[in-house]
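Below, chain A partners chain B and then partners chain C, in two separate complexes.
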Partner chain A sequence: MKKNMFKMAGISVLATSMLAGCSNGGAATGTQPEAQKGTETAQKVNLKFYYPVAVAGPLTKVMDAYVKSFNDSHPNINVEAVYSGDYNQTITKVQAAVKSGDMPDVAVLSATDVLRLQDIKAIVPLESYVKNDKDGDAYINDFFPGLLSEAKMGQGDHLWAIPYQRSTPLLYFNKEAFKEAGLDPNKAPANWEEFSAYAKKLTKKDASGQVTQWGGMIVENDTWIFQALMMQGMNGDKQVGNQDGTQVKYNTDATKNAINYLLKLAKEDKVIPEKLANGGTLPADFVAGKAAMIYNSSGSLAFIRDNAKFDFGTAFLPAGQQYAVASGGGNLYMFKTNDAKQKATWEFIRWMTSPEQAAKWSTDSGYVATRKSSYNVPTFQEYLAKFPQAAVPKDQLQYAGAWLTTHNNADVGKAMQDSIDSVFTAGTPVDQSLADAQSKIDAALKPFKK
Partner chain B sequence: MKNKIIGSYLMLIPALIFFIAFSYYPFIHAIIISFYESNIATGDHPVFNGLGNYATVLHEPLFWKSFINNIVFAAGTVPTGVGLGLLFAVMVHNRVRFTTLYRTMLFYPHILPMIAAANIWLFLLNPDIGLIRQVMGWFHKQSWDPLGDVHAAMPSLMIITLWKEAGFFMLLYLAGLQQLPREIYEAARLDGASPWRIFWRITLPLLGPTTLFVSVIALVNSLQSVDQIYILTNGGPNNATISLLYYIYKAAFQNWDIGMASTLTVILAVILSCIMMLNYFVFDKKVHYN
Partner chain C sequence: MFGRVSKYLLNAILLILGGIWLVPFLWMVSAAFRSSSDLLNNPSWIPAHITLKGFQEVWTSAHFPTLYSNTLWIVTVVLIAQYFIAIMAAYVFARRRFPGSHFLFLICMIQLFIPGGILIVPNYETIFHLGLINTKWAIVLPSFASSFAIFYLRQAFKSIPVELEEAAVMDGAVTWHLLRHVFVPLSVPALTALGIVSVSSHWNDFLWPLLVTNSPSNRPVTVGLALFAQASESAAEWPLITAATLIVICPLMIVFIIFQRKIVESFLHTGIK
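For the complex of A and B:
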């Protein structure tokens, strides 16, 4: 019975992939008749481009439009854009593809995947392409320097990625809720104490004691947001890991402070939900008025801008000892394929990160425009003047530290996440959960210490 | 004679090729890799590790957590699933009005692929817009997120699995019921046996082979459950719903730890073969076949 079903499944998969193959072929010839007429049809390079969508909003349509516009202007290259889930699903797919030898040519993956991609020998360093590019140096120096830090990690002096969809976490706040609660709608909470005090005023309950509006929502077990809290609790220093990606200082006072801050908000003040929040729904919760303030990626800015029916503001994440965030998001990676494909990939990467394109992507999504010269693009200047909330993520970059990037980052991230989960859902004592996590992290990184 | 033997082997070849390519070869390969350290750190050059992987696995709390989860899941779904299947079968066995409709309704969840069924439940259980939430709203209850609750997540998965599987077990029991000899029932009725007594003394014992078959399928399914976990909980919250198979998936495809994943696979295969052996050599002998 089971066996038969497997066979049937196999046949249907085969059939659908054949169908998909046919329809793809049809679409490609349909949209680009001019390429067919060209004499260089035989040399046309086909690239497969994997990209994740990790924030709210219909970004697949936006991305498809970009790729179409690239294909239309580059008759010798045909990029096929493949939406591949969230960051985690994308790296999982890429790993499987690398193992089976059918890898993408270019992909947007988390900036922190850089060491893992080196370890599985999937990506190529880009410095030679920069060197051969006629204004390569100017191009690289035009990126905000902090955004290149993960791309330079690993052995040797290489550049492994180009910053693409980079973000910082922001505090989004509902100005109307602020007014209702008697708070100044133009002044966001600047530090942890203020956040707690504001959130108390903003939490509303109905007659039966049920919360109808939370003061705040924070995804407690999102290691990116959590790392910001850890760094905010430090003094001056913002180092969580080392440059080689072989060490993480997790069982520290900074981590304890961060977790205790969240515990206080959830269990003592009762101004954020006690249950761990689900990252994907936070922007929707904010738009629906269920939370007056949220910690969320700047990548959600466009979704909130387009869907919020109230006036809202964005601000730096409230400071602990200091302002701090980790600049997150994804970089473009070039995969090891062949010379012609890699050259075409470089062309695609250059196009995707042109100042105009970076400005456009920032407008369409909310990600930080990665290049300094983007801010000279007139349409982008107009946009920022009209919508000053969008300038906050870039301004916050001055306080950004490196995003924790290690070898074996799936295990390391899981250990961190589990420690937060167990404190919140199983009531494990903080000290014990952090010690457990530290020993798991050390074990995961041991093979990489030289 | 000789021709006949060659002929039968020729007939076997297509199936055999599939078996070797997709079952035997990968499994033998997995056994070999399970003795090697093969992960991101070792890359293309796995290091022989003897029984090291097995020792690591047995000292890994998450392995035991997923092992225990599997047992809990089996205990929660196998007896109830078999019982529900039997109950449904007996209920719709006799031809009354709308029997076919009832049968179809009970059976239809099984037709859906697990992935699709799990996605439907994901919507039903959504703490903001889900049906369950809306029903609870009528009673002014607080929003409830069973899949995000350490204590409720596993029972939720069990209920969803039962909803999905009970119809299939019903079908197997229906087939069993159709084959029972009518004479025995007539004789029993003439002797004045109550329907209750007939069920316990005749139907149930005669259905022994079906019950055994259904139980084994239910048990194996429960050990192989992964799709619903992938869609609904990702093994969370706090690893409350991680199963052995999901643990293997994470080790292999997310963490790229092929050695460890192979070790886990071998352990799971050993558990499954033990169940099969128990089935063939112990239970099979105790069941009454006509």
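For the complex of A and C:
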């Protein structure tokens, strides 16, 4: 097992350096004549596009409509949109396909899959395509910078993905509950102390001492939001992992602060439930009035808007030392096929991430529009005017750091999760549980270190 | 006296177990007919208004006749293939002795211990090299030779008295006749039970069909509707999820209710034998 992992690490290093060589060569020599050839022959290029659905609703119909409109306007390219389950099922499908040499041409996969895909030599770096486009630099600089951090991970200076469906955690708050508790309904708690003070005022109990309305609910069984807390506890930088994805700084003061913050809210203030909360159920609890504030994904906006019978607001997650979130969601990846297909894929990626298309996708799905210029699209401005809560995740992006992306992501995430669980449910001392988790993480990443 | 008490006790336990099983099902049915905000704000199980909006939204999201007919095709082909292969293999393993027969049976049984997830990549490669990706054959082919079916039928065949077989041989029966007139008719309960297990598990199969097919025209109803259950980045829309689930399981449930007596009988038979 261990031996294999060493081998894999070796291969991945080799692969990335080889790819680096290829792509540089391509940019310098091969690309110009190739482009001419493409237009001359005008042969139809067929592309396979895998995409997951991770928000409730019939999004496959939406995606089919996008792809149809792309195909209609690009007579030389035919994209086949393939719904491929959730993120996990999509990466499974991709890995099985890559192993058999039956690659898709383009796929939406989790932003954190970038190293895994490099390790299996499946994807192509995109900087040469960017350089080749006249407006390439302007295009890349138009994305919110926080969204590109995962795409730049790995060996060397490459761009491995284009941001597509992204989200950030938000603080949702019930304005009516705020009024009832004598709080200003237009002012959300700005930092941890305020959150705790507000939550105390918002927690309601019945005669028997049972809580009928929690001040807040925070997802603990998910490292995505916990990572935001860790970064909030840092000073200045937001680095949890390193650029190569081979190291995680977990046993740190920042993590201790984050866990102690949650412990204080749950055990001392008693304003959030002691039972670990599950992300999927929080919006329902919020809508039902069981929690006056929740930390939850911006992906829940539409659900809460459609179901809440009260006025609600959205705000940045309260700051610790600083504001910080990790932006989640999926990126577009280009697979290593052949020049003609990759060129067509790039055209498709550009089209899918045009300002208008990004704005449309945001309206249809609830994800954050990834490009700054999307917010100048008139229809999108109208939408945001009607639904101002949807603009908050975009504003929060200026504080976004990289979503922890490592090799062996699953084991690393599990070690982190287990440490939070053991503190909350088994009462393990914080220091011990963090030290345990750190050694598990180091062991999981050891084979990938050079 | 004692028998009566224990009978009541048994009934009570069965009722409780049945109730526990029924609770989530009833909740699902109730949720499917409600609006999302009614479900969230009204703690009662009885809907304030009954609405078919969930069903409508789910139903219009995909082409159901295609999805259902694909699922039917899949479960039927798998069942026929499994019967065909398992009956022959089970007979050989139950009755014939030849060098290496034990070893072969052992290899066959080892399959039972391999978790399905491990086989995904090799199976995908095989299907790809056969040129069958994105066909219904890709979905059914890996399930044809079921070691569980072989094992289960072998046990059933072993319990058939050797005298019956000998009598048939005396009357001039060859192997084919033996299977047709002795083993299969005497194993109907086991075959029925096997059929139910096979049909319901392939009816509900999701991951493998998702992986090896791309176009909706080749996908079963589970894959066509799964998108309603995928909501890791947003809140779960329970009315849609439950409506979709009901739509998926409905045909199977109707079949079960119609044939309930037969099905239960066959389980009892296999149990007694």
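Here are some notes:
Quick note on the criterion: the second predicted complex is superposed on the first by the 316 of 450 C-alpha atoms of A that agree within 3 Å, B and C clash if a C-alpha of one lies under 4 Å from a C-alpha of the other, contacts with A are read in each partner's own complex, and residues count from 1 in each chain.
We take it that a residue touches a chain if its C-beta (ideal position, glycine included) is under 8 Å from a C-beta of that chain, and two chains touch if they have at least 3 such contacts.
Computed from a predicted structure; not experimentally measured.
In the superposed pair of complexes, A:Q155 makes contact with neither chain B nor chain C. Look at A:N307: by the touch rule set out above, it reaches chain C but stays clear of chain B.
After overlaying the two complexes on the shared chain, residue contacts for A:P447 are found with chain B alone; chain C is out of touch.
When both complexes are overlaid on chain A, the residue A:N338 reaches neither chain B nor chain C.
In the superposition on chain A, A:R116 makes contact with chain B only, not with chain C. In the superposed model, A:D421 lies in contact with chain B only, and not with chain C. Put simply, more of the residues of chain A are touched by C, taking chain B and chain C as the two choices. Shared-chain residue A:N235: touches no atom of chain B or chain C. Legend: residue contacts after superposition of the two complexes on their common chain; A:S73 is shown touching neither chain B nor chain C. Judged by the touch definition given at the top, the superposed model places A:Y87 against chain C, while chain B stays out of reach.
Comparing the two complexes, residues 92, 95-96, 281, 284, 288 of chain A contact chain B in one case and chain C in the other. The touching residues of chain C, when paired with chain A in their complex, are 36-37, 40-41, 57, 61-62, 120-121, 124-125, 128-129, 133, 207, 210-211, 214-215, 223, 226-228, 230-238, 240-241. Per the touch definition, chain A reaches chain C in the complex via residues 48, 52-61, 80, 82-87, 89, 92-93, 95-97, 99-102, 167, 279-284, 287-289, 296-297, 299-300, 302-304, 306-307, 309, 328-329, 366-367. Interface residues of chain A facing chain B in the complex, by the touch rule stated above, are 7, 88, 91-92, 95-96, 116, 119-121, 208, 210, 275-276, 278, 281, 284-285, 288, 407-408, 410-411, 414, 418, 421-422, 425-426, 447-448.
Remark: chain B residues 18, 39-44, 128, 140, 142, 145, 148-150, 236-240, 253-256 touch chain A in the complex.
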